[in-house]
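All chains are identified by letter, namely A, B, C and D, in their written order; residue positions are counted from 1 within each chain.
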């Protein structure tokens, strides 16, 4: 039986006023299928977000962690497969940090794989009438940083916690002045998250 | 005072099982802001759809006609500006007709402009938090055919009826196996149509 | 027998340093298949470019006119089908003019069709191993303005001159900092123009 | 002083008749800047291509290995950053093999980073007037398989050989019937490879 799920979103960054991941997390119910849902919003900061996700896992002791982030320009919600031991960006995080090929954990694994059933999640989202895809790169910005550190912590501590990351497209209101950029409604994003959680619990905890 | 609005959608065509324009029309209310909404679903047929739209305008005597169609692959709902006196396609309509540079009305104007306030509609859809764009081509398939014949009829008869056309993206369920193809939720499409009607009535009939 | 062809390009506009249409015209040979090629570069100016194209047709008396322009963001070279009697833009031309739904020729036809064999041109470009498409909108900026006025002049004067317009993608060097924007090499663009001229002469003048 | 470079391409696969990587390799000179260029064309086969690349490195003892592959649908040539220890595909290789989350080297590193100066290569390709990008995923098909095994072999043997992978867009002739799919000319692809080799030799071997 799963008892607790941790879902996280990010604050807006760059020139954006909203972040779909924050809005989805805040709009999500506090329990889902009898499981307690713990929510947190992470800052778009290499210096702070990594420590926060590790502290959250330590404090909350969730059975499942699903971090959400914005992938502006992607057409489908992306269930991420892999987190890479590298920060690299040509744009600043919200602290002004622009990492240049910076290793996240010195001596850490070059990459970790998601422990969510990513293909089943994609299959079930599609069965709900929504598009989705497995993605083989979560980028090298703060999203990948948080994803890597969550998987690294769980691996090093030998925890059974399942950890995954989902990248969301822009919301419709974000693309009003970005002709040609794809978007997804908030309602549909909530469905994506519900299916991701339900599929994961069903596989590992037979609720 | 406007009394009647005619909205039309199309049946599915090609390999599609659904047509967003049909679903939007069927889901729309029967009155909107005190105005009666008359609905019709047109066949994707050069031979039949043109006659149907003309008969509908003649019978219903609407103040406003908004025809809707599917533009699979477009990212934003497109408020069409112009209808052209030509049918041309490399794919068949639902009767198997593949017109090759066929004039719609011999001796008719080469093109007609929409009589909706297309820029105001786009501005107001954006103010509703949704993307939209003016489009300068409705293609040369059955959508443009119906759009041209509606404008031609109104022009030749000297009617005050306002006529426009809106192309809709795919629905989410249509792109599940079309990676990279943009989509819009049905709810958001209904908002698009509401704003288009409201903006038009407000401009010409001061409701 | 065709004796003279007029090809025109445009100067750079907006933030661009180059215009592929200018580079193609300047790099083109002065004779092609025994036909004299007259070249001109038009300013991106509603006030000046229309008068220039009309003066050029009057002075040069070409058998064929092919105007070229940049359509940044399009993937394939576009053989334009139709010119519309309207200027409309949300960006300024090089004189700072931003037309708002301005009719080009008061009382003129709402639209004119290209007199080039547009489908044959696309077919022959593809047979040369390059992509191409017929386009149903040349936009409503200076390109369409010039295209409309050339067709209008030829129509009003009853000339046999064949008139067409080709929109070109960006050159590779223009997209270096525009990730995701398609491009075509200058060499391939020259082939596109050669095939367009050859196909037109072959059809109408049997060279 | 570098003495030998190994460049590899792949045969066509799926419904394609050509593979840009094969054409670039075959069209490349046999020496470049005084360095011998050894060429090989690999089969699109999980079973055979990995063994071939390892045998080639063992036999040729190259200073630099650059493998090339087709990434149909990508707009810019992609200098790959990372190879992942996983084969996964929903399409078959040329032997009919469709791997489902299959580890390449049991107990091997989860990922290896390219040893080419990938950012310098992108910078220098752009300085040559062509677009390019660093990519964070080489997919999980035969390209990634070969890339991973080359890096694994070099790592395990402790060789100084520099290993990288470049994904190429479609050639123009491949997209004639794929409207909207980006493409790059063969000439420009040859420049991309020259710059990649030159930048690598210059950095590590000061030619």
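Operating definition for what follows: a residue touches a chain if its C-beta (ideal position, glycine included) is under 8 Å from a C-beta of that chain, and two chains touch if they have at least 3 such contacts.
Here the structure is a predicted model, which is why all the values come from computation and not from measurement.
Two copies of one sequence, chain A and chain D, touch each other mainly through matching residues, since over half of the numbers at the interface are common to both.
In whole angstrom, the spacing between the mean C-alpha positions of chain A and chain D is 31.
With centres defined as mean CA coordinates, chain D is found 48 Å away from chain B. Note on chain placement: the centre of chain C and the centre of chain D lie 39 Å apart, centres being C-alpha means. Multi-chain contact residues of chain D (touching two or more other chains) are listed as 180. Chain contact topology: the protein chains form a single closed ring, every chain touching exactly two others. Contact between chains, using the touch rule, shows up for A-B, A-D, B-C, C-D.
By the touch rule above, chain D contacts chain A in their complex via residues 82, 84, 86, 101, 109-113, 119, 135-137, 139-140. Chain A meets chain B in the complex at residues 75-76, 126, 129-131, 133, 172-173, 175-185, 187-188.
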